[in-house]
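In structure tokens below, several structures.
What follows is a pair of complexes built around chain A, which joins chain B in one and chain C in the other.
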Partner chain A sequence: MSSGALASLDRRLLSGLCWLLAAIWVFGLVLLPQLFMIETSLWWLERDPQATALSQRIDRLYQEVMLRELDLQAAPVERRPLLEDEIARLREEIALLEAREQQPVKVYGFANYARMSGLHLQVFLRTLAYSVLVTLLSLAVCYPVAWTAARARSRRGRALLLLALVIPYAINELLRVYAWLMIFDYEGLLNALLVRLGLVDRQSGGIPFLTYPFTTFVAMVYAYILFMVFPLYNAFESLDEHQVEAARDLGASTWLLHRRVVVPHARPGIAVGCVMTFMLSAGSYSVPQIMSRGLGGDWFSQLVYRQFFEANNWNIGAAYAFSLLLACLVFVGLVMRLFRVGIREIAR
Partner chain B sequence: MRFDRLVAVEPTDLDIRAGEFFSLLGPSGCGKTTLLRLISGFLKPTTGRILIGGRDMAGIPPSRRPTALIFQNLALFPLMSVWENVAFGLEARGVAKAERRRRAEALLELVALAGSADKKPAELSGGQRQRVAIARALAVEPSVLLLDEPLSALDLKLRQHMRHELRAIQRRVGITFVYITHDQGEALTMSDRVAVMRRGRIEQVDTPERLYEEPATAFVATFVGGSNLVPARVRRKAGTECLAETPLGNFRARNPQDLAEGAEGLLFVRPERLRPAAGHDNRIRGRVVERAFEGPFLLFTIETSQGQRLQVQWLNEGDVHALAAEVEVGFSAGDARILPPGPLADER
Partner chain C sequence: MNGGGSRAARFLLDLYVALFLAYMFAPLLVMSLAAFNDYPYPSVTQWGGFTLRWFPALLQDERLLRGLAHSLVIAAGVVAISLPLGLAGALVLQQLRGRAAGFLYAVMVSPILTPGIILGISTLIFWRELGVPAGKFTATLAQSSFIASYAMLMFLARLQRFDPTLEEAAYDLGASAFLFFRRILLPFLAPTAATAAVIAFLQSFENYNTTVFSIGGDWTLVTEIGSRFRFGLSPVINVVGVLFVLATVVFASLWVWLSERRRAVR
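And now, the complex of A and B:
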């Protein structure tokens, strides 16, 4: 076999491997868990009240057995036969009752989705609204930064600016959020500064920043800033410098330049940044958990977590999680429609 | 104008008259684009002043100068329709939409694009896009239109057509055109006056005719049109003429720079001024080593016994097939000039 044929076989093998990995990723790590979650959200266990009473009785009997067994270990030899008899009798009764016991019935339906309380629905809608705010805030912060970086005349300045943006990402997300916690806490930097400036009375305990949703926004904007900056940066950088100069030369103000030339050109980049930031914020658990610590309002992701790991009800948890995903997808679809951006443009 | 240590344009006095078609001609890297960007305001001069209509432009940004720039790549706004492109400058000046549209259509009519107002620039041909760029620049009613090699992207036929078009438009609107090009043909055919630049210096400013007939330096002589240069020394001066001593013999030639007797120089004759020898005092005999038939002309190269090669261009009067293997060419004293030694255009 010639080396050329070998190379082409190699290439085919390699691309086959890549496809396989991609397929494993998409099916095994995205689709299957989602399907499992959807399935889980569509059923619940149902038992009639009598059955509940029965299983409670069985539980009680088991406890009795355990107590007798403990007694047995401590009892003098002459009392043991009596206790052993009693344990045997209890076990018989348990066996009898267990024979009558039925397995709870697995019922399929959409009821899990209808079970959201008014309060939780409120949290759900508020989370979507908050995520929109975080996205807009992030866009407002990142737009000038990305523009400055993309238009920087010297290559060095541009590289330094981008490096400065990337460096914080070398540390753990939790640490980045804790940094904000240290700033906004009661005894935090900001309060200390305000006390020092005499704007806040030390006795009052400082301003309770952490109870305001705004602090969570700030931490979140910071946590996800790169997901907004880089799509914007790429979009801005691909804009021909002459377009900017032509607009300036024709007398355009900064506002007109951006409205008519830059934003239309950067639309796909803006859409990508917004979609990513929105999805990340709506699904963020650690940031609201750390920043608000229950002092501020809950985000929906925290409710989902509690359904899974505190209420131990995976069925409702799955229904909550899937609702959030669905709402986000619908929202993203609407935004893309609004900005007239296609999937293909986003993939660019 | 300096960039760090690089001097892009040496201190220069250049006076462009109102309403003329003025070209800056020079090889790439000679500083002509820098000069244009200085005029348009995208660069600030390190020293010196730029006056437009007697007004000092220092501190006035491109958007407020009475200039409009046409970029090499045109820099049309790809996402706007043709008429929106043309009307962009008016939009920047706050003209109402209906009025913008009306004026854009009038301008499109001027450049013979009346039916294309609602198309996108990408739907137009190269020449049409060119005219859109001109209309867009004219819309802001500049007193100076700056054109940065706008024809360089077009194919030869279209380029020749656009030369006439540009000249006609300039006559119609009557404003000053400052046109940058490295193509001497463009500069000669379109311009009222041409400035030839080399390495940040202006070598000569003149009408196309005088530039061709009376080049002031060896660079201009070789950059504009074909040329023959032979090392020479002024042997005897006689009024505006002189006797030049060269390896090929002594020739009578004009001495426009008034070189002193004994001074070194270059004897310069255009290829088409080397005619059949009969009736001329200045004669050179040589072997024909190359010939190229160009239809209306015959171009050939002769080599003298000293090894000097000379280019000759004869009009085709039906007898070129009879060109002998060895010819004698002659030229009149009025067609030869002795120029001070200096750098040549290095394109040959």
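And now, the complex of A and C:
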């Protein structure tokens, strides 16, 4: 039937359009950029290794040119065009070789990764360690909050509590971190308080909190802690009230209830919260940029930024960025294995 | 018993949540307060008296206003790009089964699990290789790469509730695929599309980490705020903060109110 054939034709057209758009997204916006970044991390520019041999050859050619020029002066008129041609040819060859001598060559290898100095490696590891700490602390702090919100008795109470959590969550990250800058600054709230209490001498200019990595850590916990609350809340909320009651009726203590009923049920939510919090912390550029003033407080993202926009060494920058991505992938893999959840449960 | 245990335990839990909320809101209060302080540097400790003069000062700030305009342009671009891509991705995933579906799904959600700075960097490098310098265009694409993932997840969740017999019925009645798409699928997806558009817009507008790496010499409102922390910090930034807080309170209240009402209706 012709109408059937036509229908299947435009069904295929529509489906083809979907595939095309999906391919543009997956390849054009996700995979190819990542591949280009990895490729960039695998090469660097180097002086041509044959440069010394080249420069010797160039010197020899210059000598020949000089000899020909001497010949030219002594030569009879009819031989001159020949000599001039030859000189021109030699000069051309010299120009070519000189261009090659100065042109750095692309060398492929893993050296960009190995080039991470001791200090940078230390910052890398510290960033990961701090991010794990941010994640664990967020989990511990948020667990009771999310539990209370999910188990709130009245719907109104729950809606209000959710609202109170959504508001700070939705306020721009920079501004929330800025609030902590105002607390930790030299003239900030904390120093003013310490002066008032007589613990710090006003003349000393206050305690330079911003030079300690600790302040970056505090602001980071504040910035990303709510990314833990909502996945936990969603997981707790879907837990059947009867299961909780049954456990209670059977005499389970609060500890046992959570260990045997709530946590096993909330595994995917816990995993999502941990992955998001860790990833945001490890890759955060905003928080350290605002909070750290010292040499000691550097976050790895700042080193990446400097490689790109200050040292202008994109190859090393790409290697650093990919190292960070690998660390995050390893963390996601570990969390998925620890909580025995699949990718479909992680990203929902 | 409502899962809460004894009365004392419940009281402690409530107290704990109250403390947590204080921890969430106190810094914002400090930041907002400084917007009304008549003192040239953002501060709450050096109180120079109450003033509103930083609000009109914001309107004199050319770079912030232009940043706002750039933010709106980029956010509109992100909505226009990430919604179709996310929808196409969800429809493709629905046609697949088994291993291929799992793999494609992982690729499509991977941008959400990738640190934002890396999305910015990879986009920057890719487009430079193609000869396109960093700017609003690359920032739009870098943001779209992960915002499309959010759109895809939302469309996918909605599509799972789609009744497949509707599709069969439409084709049996002789509808073309495009007619089916336009008259049945799109209306079904419209509420999700509206939510996805709002979320995509806000995600783009608020984004910093991805944008700062991919926007080159251009700037958005948020990257401009970011650059002020090192140079030229003034209470004008606190005014921006107050406005953000106000807008967020209004938006979030509306959002929670709407979703509660929807739940009550259901």
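The working rule: the second predicted complex is superposed on the first by the 243 of 348 C-alpha atoms of A that agree within 3 Å, B and C clash if a C-alpha of one lies under 4 Å from a C-alpha of the other, contacts with A are read in each partner's own complex, and residues count from 1 in each chain.
The criterion applied here is as follows: a residue touches a chain if its C-beta (ideal position, glycine included) is under 8 Å from a C-beta of that chain, and two chains touch if they have at least 3 such contacts.
Quick caveat, the model's predicted, so the values are computed rather than measured.
Colleague: Looking at the overlay, does A:Leu189 come into contact with chain B only (first), chain C only (second), both, or neither?
Modeller: In the superposition, A:Leu189 touches chain C alone.
Colleague: Mind working out whether A:Arg89 is in touch with chain B, chain C, both or neither, as first, second, both or neither?
Modeller: Touch status of A:Arg89: no partner.
Colleague: Looking at A:Arg80, would you say it contacts chain B, chain C, both, or neither? Reply first, second, both or neither.
Modeller: A:Arg80 sits against neither chain B nor chain C.
Colleague: Of the partners chain B and chain C, which touch A:Glu245 in the superposed model: first, second, both, neither?
Modeller: Both partners, chain B and chain C.
Colleague: May I ask you to decide whether A:Gln34 touches chain B, chain C, both, or neither, giving the answer as first, second, both or neither?
Modeller: second
Colleague: According to the stated criteria, A:Ala318 is in contact with first (chain B), second (chain C), both, or neither; which is it?
Modeller: In the superposition, A:Ala318 contacts chain C only.
Colleague: Residues of chain A touched by chain B versus by chain C: which partner has the larger set?
Modeller: Per-residue touch count on chain A favours C.
Colleague: When the two structures are overlaid on chain A, which partner does A:Val261 contact: first (chain B), second (chain C), both, or neither?
Modeller: In the superposition, A:Val261 contacts chain B only.
Colleague: Which chain A residues contact chain B in one complex and chain C in the other?
Modeller: 245, 248
Colleague: Would you mind writing out the residues of chain A in touch with chain C in their complex?
Modeller: On the chain A side, the touching residues are 3, 6-7, 10-11, 13-15, 17-22, 24-26, 29-34, 36-37, 40, 141, 144-145, 147-149, 151, 153, 155, 159, 161-168, 170-176, 178-183, 187-189, 191-192, 222, 226, 241, 244-245, 248, 254, 275, 279-280, 282-286, 289-290, 301, 304-305, 308, 314, 317-318, 321-322, 324-325, 328, 332, 343-344, 346-348.
Colleague: Taking the complex as given, what residues does chain B use to touch chain A?
Modeller: Result: residues 40, 42, 61-64, 67-69, 71-73, 75-77, 79-80, 88-89, 91-93, 136-137, 139-140 of chain B touch chain A.
Colleague: Contact residues on chain C for chain A in the complex?
Modeller: Residue list for chain C touching chain A: 1-5, 9, 13-14, 16-17, 20-21, 23-25, 27-28, 30-31, 34, 41-46, 84-86, 88-89, 91-92, 95, 102, 104-119, 121-126, 129, 141, 144-145, 148-149, 153, 157, 171, 174-178, 181, 202, 206, 208-209, 212-213, 222, 225-226, 229, 237, 240-241, 244-245, 248-249, 251-253, 255-257, 260.
Colleague: Any idea which chain A residues touch chain B in the complex?
Modeller: 240, 242-243, 245-253, 256, 260-261, 264-265
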